[in-house]
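The structure appears right after this line, and notes come after that.
A, B, C and D label the chains in the order they appear, each numbered from 1.
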């Protein structure tokens, strides 16, 4: 679909600037609508899935009365939140309070753009894709602080301060561990990274199996990523038993929904990065897709990519409903005393590996050994 | 040590300040002068033979017919496993007794409670405020002649 | 006007806060995350039980003791019945005694389950809470069999118990005793020995034995500080002197003796012991009356007694002054949580806000008993 | 939605839309974690494994700002009453109140002899559904919630009243 639009743009290069401009706008609007509706649909189902997974772990059933199997639960929740009264507390800093949820949501939504869902399905293929996502999702912390400050509520402020401290700190191990993975394909372009991981039965050339350091990098990344999206055991910014609801304590209705959706959006993004950088993105395991018709291959690739993401999201939910939460100083200790030094070491290790073996992974080396 | 011996030890040490020994209560109680309560309590806590390490409970009692207020200290010892009750009789119109908060810090809240419900004033108490009822509540509800209020803030009681 | 200390921020926690276990209000002076002073404000559930006691007859007050500590209604019933019986000087039939012990110990288990669960949810792990409730429902079923109520039983009456047990109760109890001990292992695996949980609780809010005695702390909290003091053993009532059970004391397994983890673990150990007691009681069962002959209009001889019993939360004492009429002249309730909470200001200087939640949770206070 | 509320004529389209809106409101009753006394334990047990309020789409929220339903579970004393009013005011409309248990309904066993208990939470905030019992069984609370759902379905949002 995106390909199609790209083709149109290619064909109209000769036409007048006016039409070209119009088409560009149209393309942006259409792709935004597609991605937005995908994101909203995903977020809806993610909340449903979270409740079902929680129910499963906690010997409950979870939603099952609203629609078949409770599947319409998120529709009801969404519409209800839309209908709620919009309260802006009297002492709130009105402007900050109002725009914060939108910024949070925009930041998490913007990170959907450079993802590569299959060989041909993507919104924009940027040569700085990974960097872009990291940059954009950093805005979240600023917006959270805006909302927390704007609420003029002490609990919110605590939540906001904690969130910023946490997100800013954990960005370091995230970036370091991503670097350890990125130096293998030597590209920031999502598509390049995925293409690098083709072959090897669709599994063994995944970057996670490239060398021991990338394997370690994945675990560092995943731990830090859970902290980045504020989920248990790192959910101290909205720790329910301590801070009531943290930075969104004062938010009602749709504004709260934006924060809520942003959390699930962020989960998708961090999982998508992990899937892309460590698990071969949309590479289909064990099946050689070259012989397939294009539509089948593309569909399969999208399904495989989303499956990888959802497995990671499921693991996050599983962790959330199992572990207690850390204290704020222990959280910082984990980041600065353990994750960051290990990530540095890991990055150096990965670099040395690349130098020593000329960028080849374990699979390449072993297969080269057996062939000769 | 049983209650009788405790009473004897006390009456030897604090001659004239121990008023009465009541054996028929459970645990047996010793009625003492209100001024002497702090000395007696710290003696009871300090003395190795007695070692009343903790104050189990402190209760106020309103003896309206006799025009008196009682404060009853239930004391217990973990090591010697004995109990005793100390009683202090106060004037109902102006109940005053020194605090034993310095002896057992746990007494702090019990005394506040007795103040809250009976209006018994504990002299030298560090923080004598109402504890259970709202600060703007009127009267001492556990007194026998307490009349229930009709309205509180904007609603009927 | 009060002078505002600008170094500290006043933070109001409660009376409606997820982790204050009811309607406790804490006024916290904080310097960032660090708490400098805590002032508890209680009385939001002051229902004037002591005044009510003076206006009702002795049997009429029994249901109110249910509402004293609703998590351990049986134990409260028991302590009240023991107090009145002490003045009445009546002999309780053996069968009633056994029944009382069974109910008291089952209720101890169900109360500790809530303590376990609520502490875990305070620590951010919600799942163990639901596991605790799952087992609690089993005990609720048992109680529902004997008295028809799930929470406020009014089963243990002056002179014995309200009615004899129905058919099948013994079998169901045995079933529970087989079902329950493996669950304790599950709790330990899931929560007690979880690294994060230990990190959150070990060495937090250590109560020294001296402090514990000074503040009149009793029950599991006192035993966690290393003092072996259990009224079931020290001042045996009913038939506890015939039963074989251990009294767990804090050993400082994960940190110092008397820390929050020790206090938590006392409850786990005590649940095991209670199950053991119930099993012995079932073996001792014998036929007989379930209630002694008590006159319809109960006139209690004049006198003064203070009777105490070991409740799940510590020493529950009733100080009863009778003037020989049908109504108590004065009934003072010595509630364990009242003393246990009064130590909080002492414990919480210099801890973090998250620790404060751990302190409240590990002390296992319950508000109706504090406020009465 | 303030612009459209109570403005539209009653016809097949708008009543259907109304029905849909009501359905969404009733299917997502997030209740506030507000428990004062004994009933609070039953409320928790209702939300827990065996009864599982989440089946009806009802989950608890810690903050009043995000709750639709306040289940007043337990005794409200005079000291607490002002806080209840405040919490109710903090909830965004449409908001509903269930008075759970005798104490919240009328003061329950404390009606006659207690000086400190508020005799019915309806003296300070409007109540939609009363659930009797001391404490009510979880089944009773669930029925109360279903009664509330029925009442929500009868309400009109967009259509002129």
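Everything below uses one rule, namely that contacts are C-beta pairs under 8 Å (C-beta built on N, C-alpha and C of every residue); 3 or more make two chains touch, one makes a residue touch a chain.
Since this is a predicted model, take the numbers as computed values, not measurements.
Student: Report which of A-C and B-D is connected by more C-beta pairs in contact.
Tutor: When B-D is set beside A-C, the one with more contacts is A-C.
Student: Could you give the separation in Å between the centres of chain A and chain C, each centre being the mean of its C-alpha atoms?
Tutor: 46
Student: Report the inter-chain centroid distance for chain B and chain D in whole angstrom, where each centroid is the mean of the CA atoms.
Tutor: 44
Student: Go ahead and note the Å separation of the Cα centroids belonging to chain A and chain D.
Tutor: 37
Student: Taking each chain's centre as its mean C-alpha position, how far apart are chain A and chain B in Å?
Tutor: 64
Student: Counting only residues that touch at least 2 other chains, which ones in chain A make the list?
Tutor: Within chain A, residues 58-60, 240, 244 contact more than one other chain.
Student: Got the chain C residues that touch at least 2 other chains?
Tutor: Residues 17-18, 43, 46, 48, 51, 130-131, 134, 371.
Student: In chain B, which residues are in touch with two or more of the other chains?
Tutor: 132-134, 141
Student: For this structure, enumerate the chain pairs that meet the touch criterion.
Tutor: A-C, A-D, B-C, B-D, C-D
Student: For the complex, give me every residue of chain D touching chain C.
Tutor: Within the complex, chain D touches chain C at residues 33-38, 40-42, 44-45, 48-50, 62, 64, 74-75, 77, 79-80, 83, 87, 109-110, 113-117, 134-135, 137.
Student: Please give the residue numbers of chain A that touch chain D in the complex, ascending.
Tutor: 51, 55, 58-66, 70, 72-73, 75-87, 240, 244-245, 248-253, 256
Student: Over in the complex, which chain D residues touch chain A? Could you list them?
Tutor: Answer in residue numbers: 1, 20-21, 23-25, 27-28, 48-49, 52, 54-57, 59, 61-63, 65-66, 68, 90, 92-94, 157.
Student: Which residues of chain C touch chain B in their complex?
Tutor: 42-43, 46, 48, 50-51, 86, 213-217, 227, 229, 234-235, 303-308, 315, 317, 319, 321, 330, 332, 334, 338-339, 342-343, 346, 371-372
Student: Touching residues of chain C toward chain D in the complex: what are they?
Tutor: Residues of chain C touching chain D: 15-18, 22-23, 43-48, 51-52, 55-56, 63-64, 66-67, 70-71, 114, 129-131, 133-134, 136-137, 140, 150-152, 367-368, 371.
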